[in-house]
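Here chain A shows up in two complexes: once beside chain B, once beside chain C.
Let's look at the complex of A and B:
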């Protein structure tokens, strides 16, 4: 376990010390601040506009970090040949994959929750009242992004960083629509469509299940009891994806 | 399509000391390109490195020296043949050819990171890091990011990371490459020190004068097989000069 943590800590340092990360975060903060202007032209809905806009910014910029950093994490080690040094030491391939994943998850936590706290303070200032649900929403955005990191790391073990990034974004988008696919299983009579819909629903992570953005801005009622279950489901999904990534990576030669 | 090259039975002078590493019939075939063309990189490598040897693995570019080391370390899987290691994985140190390390870490951080991968207790790790930084002459650059290191400094920090676990078997791939004369002297003195402490060293090099100076035994590889293995004295007795001997073995 200590070797996993060593790799995770090193990955955290690598990503946090990357200047690109700073640029992304600055962009996100600028977008949140910019949404104050949107609030000013929205006739008494300033707080709500800011929450809406801010959560989208947190999601988008978090996704950029998850996908683009996640896709190059493993590839960079192979291209720059640092894997030679790593795997000549008693470090298992799966320890490496899990360590890389945990390291990026730590960075992503700092990034998304940092943006979340900034948004929370900004909304409090504009709306004159705190909105603690915003922080929960950011935490759940983080949970979605963790799944995207796991999937992107898996893709990066079998394909190029560019393709892995594209596939990571696709999984994120598909994950938002996953519950719609499930509703297809209840419609129509074709057993083939029903079976295919079930397969898609099982393979694609149901990210929309932990999306409470609409509830935060008062468009829906949130269901806290089921949220915990869905977070558990996504954690299990990550474990399966990482097991697959480790299996693929174990067969690689350098 | 594999290229078949006829090779004569190699000259092998066996060592009486127990083996730290023994390779038998090691073959490696890789598939390259769109049509998955088979290329034989190793074609039956037999090699024995005795305990306490400083062993030079020589050969022209493309002979299979680096691949041999990678198979020993498990970075590549052998297509056929066996690798017998009498030392555990935790007791092996390795410096790759033209090493690249994490440039966002300082020299000291990188050595600590390497020590943690061996799960060394923190006190042992700290004293090794301090000692090795001194041994490779990087004490003053310990807090400098590796991106600011020269090629020679990277090579030296690479050697330090290979020794952080105090290994009994050290594999060095072209350890003198990119070093200025002073750097070469320092690396040679590190290898000398390892020999004095009874460590086994296997290294690849094209600099034959260094090999003659440091090694007790050598093996010459050509097109994926060992064509000559024996003591440096025997090679010198045969030709008087290691360079001439090497050229004769490779071209002969």
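Let's look at the complex of A and C:
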């Protein structure tokens, strides 16, 4: 366990030092400031616009970090040949994968919640009242992004970083449309389409189940008990994906 | 050195050309009154997690569209599809209904404004402003024979909702009186008396004095029907104010 934590800590430090992260965070903050401007042209709806567009910005920039950094995590170690040094020590390949994943999750937490706290304070200032739901929404965005990191790490063990990034983004988009796939399983006439839709529905992570962006602006009521179960489902999904990634990585020859 | 100077000069010329061209461009020609607005179903299916963000983006576009055409040609062909999209994607976006209803009046569609507010009321049943606005619209744009009846109907609904200001029940009572719904008007004025401040009570006493039967026995009978609407103290105070002692 300590070896996993060491890898995680090093990954965390390495990604935090990465200049790209700083630029992305700054850009995200600029987007949130931009939503203040949008608020000014929305006929008294500044708070609502800031919350809505701010959460979209948090999601998109978090996704960029998750996908692009996640896709190059393993490849970087192979290209720099540091992986040989690491594996000459008593370190398992699974521990390496899990450590890398946890390290990036820690970085992502800092980035997502940093943006979330900034947004929370900005909305409090504009709307004159605190909106604690915003922080919960950011936390749930983070949960979605953790799944995307796990999937991207899996793809990065079998393909190039570019393709892994593209596939990571595709999984995020597919995860948002999970309910549509489910309706295909109900509406499709062909048994093949029904079966294929069902397989896609089960394999793709249902990310929209933990999305409460609409609830933050007063649309649907969030259901804490169900949310907890869905977060558990996504955690289990991550475990399965990481086990797969470890299995693939163990068989990889350098 | 010469090369650097040439490059710098080229840069300055290009920047000047870009700025000069952009700033001297003629102002954009009048916007088209008909713009493409996708079906709400499209966004509900395609981006369920981002539907409120899409609604907000279209809300900003709606405001811009309304402002542009209000200043120019007064044509609002796409206003309704835009408002329909915004309120379908975000049914609890109250401001969109209120502003949209008034914009639809400018577009010459009070019927659609009325429909939009009714839809808003169905999605936000606890918000008193929807029936109050409906009452206002019914009174302002309704047919001469029915406007008081419908306005009274909506204001009475607004008066029953939490958070409404004190003037709403008074307005409802006054409209019920005008529309000839005597029993409802008596009940509404009694509720104004029970809940209102000194000014409201004075108004209620005056209105009830004019509405109730002149015969003392009849008047007592009519007042008995509102006895359960207020505390015994308030009821006896009302009788006193109406000059009926403790009958």
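In this section, the second predicted complex is superposed on the first by the 252 of 254 C-alpha atoms of A that agree within 3 Å, B and C clash if a C-alpha of one lies under 4 Å from a C-alpha of the other, contacts with A are read in each partner's own complex, and residues count from 1 in each chain.
Just so we're on the same page, a residue touches a chain if its C-beta (ideal position, glycine included) is under 8 Å from a C-beta of that chain, and two chains touch if they have at least 3 such contacts.
Computed from a predicted structure; not experimentally measured.
> In the overlaid three-chain picture, which partner chain does A:81 touch, first (chain B) or second (chain C), both, or neither?
A:81 contacts chain B only, not chain C.
> If you stack the two complexes on chain A, which partner ends up touching A:90: first (chain B), second (chain C), both, or neither?
In the superposition, A:90 contacts chain B only.
> On the A-aligned overlay, A:38 touches which partner chain: chain B = first, chain C = second, or both, or neither?
second
> Classify the contacts of A:191 with the two partner chains as first (chain B alone), second (chain C alone), both, or neither.
neither
> Now for A:208: first (chain B), second (chain C), both, or neither, which partner does it touch?
After superposition on chain A, A:208 lies in contact with chain C alone.
> Contact-wise, after the overlay, does A:48 reach chain B, chain C, both or neither (first, second, both, neither)?
second
> Of the partners chain B and chain C, which touch A:6 in the superposed model: first, second, both, neither?
After superposing on A, A:6 lies in contact with chain B but is clear of chain C.
> Could you give the residue numbers on chain A that contact chain B in one complex and chain C in the other?
none
> Touching residues of chain B toward chain A in the complex: what are they?
The touching residues are 70, 73-77, 89-90, 92-94, 96, 98-102, 104-105, 113-114, 116-119, 158, 161, 165, 171.
> Tell me, which parts of chain C touch chain A in their complex?
45-53, 56, 59-60, 63, 90-93, 95, 99
> Quick one: in the complex, what on chain A touches chain B?
Interface residues on the chain A side: 2-3, 6, 10, 13-14, 17-18, 80-91, 253-254.
> Quick one: in the complex, what on chain A touches chain C?
Against chain C, the touching part of chain A is residues 38, 41-45, 48-49, 52-53, 55-56, 176-177, 179-180, 207-208, 211, 213-214, 217-219.
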